[in-house]
Amino acid sequence: MAECHPVGFRWVMEAKRRGATIIHVDPRFTRTSAVADIHVPIRPGSDIAFLGGLVNYIISNERWFRDYVVNYTNAAALVSEDYRDTEDLDGLFSGWDAEKGQYDPSSWQYRGVEVTPAAGHREMFSGEPRAERGAIVSAEQHDFTLTDPLCVFQIVKRHFSRYTPEVVQEACGVPPELFEKVARALCDNSGRDRTSAFCYAVGWTQHSVGVQYIRTAAIVQMLLGNIGRPGGGIMALRGHSSIQGSTDIPTLYNMLPGYLPMPKASYDTDLKKYLEYNESASGWWSEFPKYTVSLLKAWYGPAATSQNDWCYHYLPHISGDHSHMVTVAAMADAQVQGYFVMGENPAVGSMNCALQRKGLHNLKWLVVRDFAPTETAEFWRNAPEIVAGDVKPEQIGTEVFFFPCAAHTEKDGTFTNTQRLLQWHHKAVEPPGDCRSELHFIWHLGRRLKELYRSSSEQKDFPLRDLTWDYRSIGEIEEPDAEEVLAEISGYTLGDHKYLPGYKELKDDGSTVCGCWIYCGCYKDGVNQPARRKPASEQTWVAPEWGWAWPANRRLLYNRASADPDGKPWSERKKYVWWDPGERKWTGYDNPDFIVDRPPDYRPGPGAKGIDTLSGIDPFIMQAEGKAWMYDPNGLLDGPLPTHYEPEESVLKNPLYGQQCNPARMEWIRNDNPYHKAWGDPDYPFIATTYRLTEHHTAGGMSRWLPWLCELQPEMFIEVSPELAELRGLENGGWATVSTIRGEIEARVLVTGRMQPFVQQGRTLHTVGIPYHWSWIGRSTGDAANELTAFVADPNVSIEESKAFSVQVVAGRRAKKRRAAAQGPLVEREVSGPERDLAPVHEKPGGKHGLHAGKTEMTEES
Amino acid sequence: MAKNNWFLKWPALRQVASGDPAGLGESAMTERTRSLKPRTAEADKVVGSVCPYCGVGCGQKVYVKDGKILDIEGDYDSPISEGCLCPKGSATMQLVTGTHRTMNVLYRRPYGKKWEKIPLKQAMDMVADRVKQTRDETWEEQHEKGHPLRRTLGIAHLGGATLDNEENYLIKKLFTALGMVQVENQARI
Amino acid sequence: MTTPATGFFTDTSVCIGCKACEVACKQWNQLPADGDFFSGRSYDNTIHLEATTWRHVAFVERQARLSGQTTSRPFSWLLMSDVCKHCQRAGCLEACPTGAIVRTEFDTVYVQPDVCNGCGYCVVCCPFGVINRREDDGRAWKCTLCYDRQKDGVEPACAKACPTDSIAFGKLDDLREMAQARLQELHRRGVTEAWLYGMSERDQPGTEGLHAFFLLLDRPEAYNLPPDPIVPTKGVAGSWGVMALAAAGMAAAALAATHSRGGDRK
Amino acid sequence: MSLAQSRLHVGREMSPGLALQIGEGAAQQVKHAEPDAGGIVPLWRQVPSQHRTDHNYYDLALLKEPVWIWSVPAYFYMGGVAGGSAMLAAALHGKKRLRRLANWCRFLAFLGTTIGPVLLTYDLGKMSRFLNMLRVLRPSSPMSIGSWSLAGTGMMAALSLLQGDRSGAVTRYGTAVGGLLVAGYTGVLLGNTANPLWRERRLLLPALFMSSAAASTAGVLQMMPLDEREEKVVQRFGMVGKAGEAACMVAMQRNDATVPEVAAAAREGKGGVLWTAAKAALVSGILVELLPVRSPLKRKVSGALTTIGAICLRFALLESGKAAAREPQTTINVQRRRMKG
């Protein structure tokens, strides 16, 4: 955190000054470790075992927060009698469908009732529309003593019972004393009077079982009562200025703004079905239709009427996974003609650079927008395969447009930061030359396309024809007015054009317009709320008048949980939001994340619908039953509980199960994306992990050019322990070549005690640390770490696995003629070895472009 | 001090005049030193901004003079950063004013060996043409099973995490209207 | 000049080595990057304070634990942002023959770039190896303690940027109080190796105390700081004395040599 | 972009069209980046955390090396000659038979105080600002005192050259006192630094410079055509100087023995070679001088050796000073030992 979010770490150090214990769990000893109280080195790719160990410790030592767990989580819910755990099936949950290559989750359900998940794959179970799904709260079966062997609590307890300190040592390489010290510190600092927080970044997410990493932390925090309370939570430290915003207003294939799902071809064939599949009968998602209709009104304006289902049929439909790597694989197979890349550099930042470039080779046209031509824009010019002479520029038919972009100081707009806070940045100067904002580019592109299609009478062109696209044009360069766009995102009423104060005002009758329901109210009263800059010193520590946080300017989500079931703060010290019995409403330092006048003792009757199904002790209002899900009956493709699986390419056999890897992971079995052996590959015996440095930014487009940053970290390097250096004859400051079967790179070597070997299962395991900022363009250059990585991904969110894979490292520089596996494996060899999967999983059916995924059913309709 | 007597322009005489035998302090100062000011005092406008690097969202202040950037530094008022910036944030001025920035549209024709500069408007027209052509060529109205698709898989998009919400919104809005579904960004990269 | 003395207190126990201070300094002062050199010294690729680098972060990797820190094996990483010390008795200032280096109203030491003629004497007179002459520029440069900003009551750029407040700027008296309190707190928490470097004349008689002082966790030389620096002018009296004697000797020799026994008067 | 502009551009890389660059260091001109601090810092090949006994910071210099170029030791020599000559000229004042020698001395004093500032100016980073040397008078700075002395002595020397034996007492004694200052202040100047080699020798350096000034003066005069009387004067003056110089050098080496790091810095590298050369030239100069023959050749050889020795000595001091600054352990050990008391 000190490495990549130094200013965020300011508050960690402030906490430390006030006596907090800082625990840093990381394979490397980083700048965070340097000032932490405890540093726990952990083998890359084994965090679920570590966190699972914490779960086991908390439960077996009776350190969990009973009042919180019983009332605010689903611990008491009873689960289907058909449920079988990974403990019973050697690493698989019940319901594996060998033919489809995916889980059938019907055996994971709550007993007697099916609920819609607040996020994730809501379509998972949608064989038939079930409109009443989740409606009958009274049908839920509970055991509030938490003793029923099939209640969630007991299932969780059993599931993690084998995650003992000894197993943690065997899986993670963490000594039991150190583990117990962490566990004790965490438990001692949780409860009514105290809270602990988890912070993570892509070190947790970029795994083939990434989502479940976070889930495990969530279980720990639920058990300790650390969610929805000040000083608690699980903080995702996001790496880009608006990466949160680009998820909320998603430039993501599977979502529409505000986490509304993209219509799926085989299910969401019309608006009625779309709503049926996606709205929940209970909890906040019961408001789903209002958000959908307001969005369609925002986009298609007067053309959207109740008669034509608000132009729902204008929306394109997805028929599977269209995520980045899936698209690039299709691109490499010449299935994509055109590609827009804006402010991103996949030829450096994405997996398997050679395959990324192969994709670019096979495009008809490419548009790149950035400060200066990136490796993605110049792949045809001086990429490794061009320099090596394997490919000549005149063989590449891709037409490339490079557009210079405007900087954030040259345009108005909002970024959404990692805590969901929208902040407006004002234009300070005019963009120089032909530099323009993306807003300008996309608006003018849209205007041109509208013009091109103006006379078309084809159905397919109607969405474009009817698209609302009239924004005020400012100045000589005809910049669209960003504030007007923000106002549309925030929403207004159609009749009297009143800016909406919040999402509760949205209607499903076409009378409200809102581009993103969770952002509704950010232009409340016609005031640009994100532009508010009341000095922190002039307001409370919650600082509600600085910027604007979604939803409803709420700074802490699910904050009803900061009060006990009776609505009183858990303790004076951790007071945040509480029930005021006199006023009969929720109040506190923040905007209460609850129905403001719903008393703690409210219980829904049998006839309750929608939001009325939430009782006074249901703080997690987005969940169908208002409880935090310790166990996920629904929505995750790889199981209701987190389970330790090894990375695709590991150095160890899974110490817990016969199933080595996440059975549902996404794999691309392609000649240009070969994998190493599941474990113990003698040619690739070391663990590799990639990461960022403080001095650079992601793929380097915003840092590799800047002299002030380049001088601080001028060259690509790798980090190895003195032990590995000795083993491989590496010299500090010298050169090393790191290779996988997909590519090889050279780098300077830093030999450092900050890296250390792990002794596990009787073997000494070495890690190679690889920063990924560099490539061949810029003031500071070097080989790109992602030449090494492979296409392999978590099934739930299609995020790649770059934080743990296997490599070889040798002393010296690489051959002049640089090789990459875009055409096939770097080394021809027999690949046989241990299986990653148990027999039934092994039969996973293949799909398009080499994708083998445990979600074939959803991802590729055949 | 600094009596404006011309002969006191020589610091050695000032030393004598002000009885400062050591000559370490004010008598050795020049006019420039005496009238030194932070350059931000010369700014003709200061605008609030946000750091463009990571997701923490530190407040920045951009000082402008004569349409040029004078300084970019942290904003004390921000409850997030209280004036702090990390090294990347501190280098923002170099990022936005750097000579590395390209000011022209560059075009590489198919099988070409070099970049060519082309006018912005022409480039925009060309891109619009390409989009239309590809879209029309690769349009999928229906799945073979009869489900509606109404889309093109012929065009893809990547990028968004460094862009403004308003930009992402228009990207999603336009591209969805065009029937593009392969719209992605760094959020999963 | 009634302005209270100001300075820096750099608390290395909270430094995260992010180098924000280095960049903020270069940004504010618009100093050039002075070259891309992978040094092999942990994350320290700036190496030292220079005419072009007025803040420098040192990275000390040690095979020893820090008290109060739990690690799996004996190891710690000490990070420290170094800067011109603005000594109470400043070698550079006292040596500067042109009056380019002056003591400001904030009791800091400032090099006037419009005066300095690059004689290079300050370079050899700094007991910390801070100030240096930039050959292609010709003048000597060092940290100004953001004299320009201070003139308007603005905090220096490095202290402002520092995310963890490892660099504190303020009135010297306040800083000393703050440092004492911090030291006691750390000692209370068992970080017994913490100590204050150069805070007062008592700590560092050779310089009579630094206006940019430090809380360190190891011996000063581990951070490339001198253990007992002395301003050169302490002890110069002896040199002058010897010179006077030698001068007398030379005069005597000259007189003796020219004295002719035969008498040479006209 | 002009050269000057591009120098302001190096390492900042900000477009003048987009950024206003008026910060304090913006005027710092940079021709080229010095990635490895001008080549003196090698890539570090050891494991950073593997501790060496000396426990310093990656063997990096703790002090800055002197930035002075050849013209500074050359000036030290010229100043010495000027100072010695000025003193001798004053002593010779009014001695008729030695008038030629006195004029030689006056001329040398004038020459030294004229060339000296030129040499010093040549070393300045900003030559055009040489007059700033007289901006203030800083008693704390030997260089400031030296600059004023040099300027004053230069004027006196010029006057006395013009006036010859007619010059008044003020000029005469002024030249003498100024000459002594010019001859000796450089020793104080070196001693008054943070450089451990110079600082440890700070009580010997002024004596060394003073005596060497006498020797140097004599060395130059010896190389001129002299009559017997003049030769005697020069020889006596020179012998005292050379004896003093030799004594100081021996004392320095003995002093160094108590500070091994300083001794090492003095012994090794260019400085060590020059120091040895200086010793050899000095001793052989004395030996030649002591030869029981009298010939112009012997005198000239002795004078030349003395001159070479004096020049080598000054270069040796600069080079060894650089070596001492480069080695952090020198500074650290000297200070640690002092702290132990």
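Order as written gives the chain letters A, B, C and D; numbering starts at 1 within each chain.
Note that a contact is a pair of C-beta atoms (placed from the backbone, for glycine too) under 8 Å apart; a residue touches a chain by one contact, two chains touch by 3 or more.
Since the structure is predicted, the reported quantities are computational estimates derived from the model, not experimental observations.
Chemist: By C-alpha centroids, what is the most central chain here?
Modeler: The most central chain, going by mean C-alpha position, is B.
Chemist: Return the chain pair with more inter-chain C-beta contacts, choosing between A-C and A-D.
Modeler: Pair with the higher count of C-beta contacts: A-C.
Chemist: Quick check: how many Å separate the C-alpha centres of chain A and chain C?
Modeler: Chain centroid spacing, chain A to chain C, equals 47 Å.
Chemist: How many angstrom lie between the centres of chain A and chain D, each centre taken as the mean Cα position?
Modeler: 68
Chemist: Just how far, in Å, is the C-alpha centre of chain C from the one of chain B?
Modeler: A distance of 35 Å separates the two centres.
Chemist: What's the distance between the Cα centroids of chain A and chain B, rounded to whole Å?
Modeler: The computed centroid separation for chain A versus chain B comes out at 26 Å.
Chemist: Specify, in ascending order, the residues of chain B that touch 2 or more different other chains.
Modeler: 11, 23-24, 27-28, 39, 68-69, 71-72, 76, 81, 84-91, 93-94, 96, 98, 100-101
Chemist: Return the residues of chain D touching two or more other chains; collapse runs of consecutive numbers into ranges.
Modeler: 11-13, 15, 17-18, 22-23, 35, 43-45, 48-50, 135-136, 138, 140, in rising order.
Chemist: If I count partner chains per residue in chain C, which residues reach a count of at least 2?
Modeler: Those would be 18-20, 22-23, 26-28, 32-40, 42, 61, 63, 75, 94, 99-100, 115, 147-148, 163.
Chemist: With touch defined as at the start, can you tell me which chain D residues reach chain C in the complex?
Modeler: The touching residues are 7, 10-12, 21-37, 41, 43-45, 48-51, 55-58, 60-68, 84, 87-88, 90-92, 94-98, 120, 123-127, 129-130, 132-133, 135-136, 138, 140-144, 146-147, 176, 180-181, 183-185, 187-189, 191-195, 198-199, 202-207, 209-211, 213-214, 229, 233-234, 236-237, 240-241, 244, 321, 325, 328, 331-332, 335-336, 338-339.
Chemist: Chain A touches which residues of chain C in the complex?
Modeler: 13-20, 22-23, 26-27, 32-40, 42-43, 45-46, 61, 63, 68-73, 75-79, 163-165
Chemist: Give the list of chain B residues in touch with chain D in this complex.
Modeler: Per the stated touch rule, the residues are 10-12, 15, 21-24, 27-28, 39, 42, 65-66, 68-71, 93-94, 96-101.
Chemist: Note which residues of chain B are touching chain A in the complex, please.
Modeler: By the definition above, chain B touches chain A via 45, 47-60, 62, 64, 67-69, 72, 75-82, 84-92, 94-96, 98, 100-113, 115, 119-120, 123-132, 134, 137-139, 141, 143, 145, 147-174, 176-189.
Chemist: Would you pull the chain C residues touching chain D in the complex into a rising list?
Modeler: 26, 28-42, 44, 47-48, 50-52, 54, 58-63, 75, 91, 94-100, 113, 115-121, 123-141, 144, 147-148, 219, 221-230, 232-233, 235-236, 238-240, 242-243, 245-247, 249-251, 253-258, 260, 264, 266
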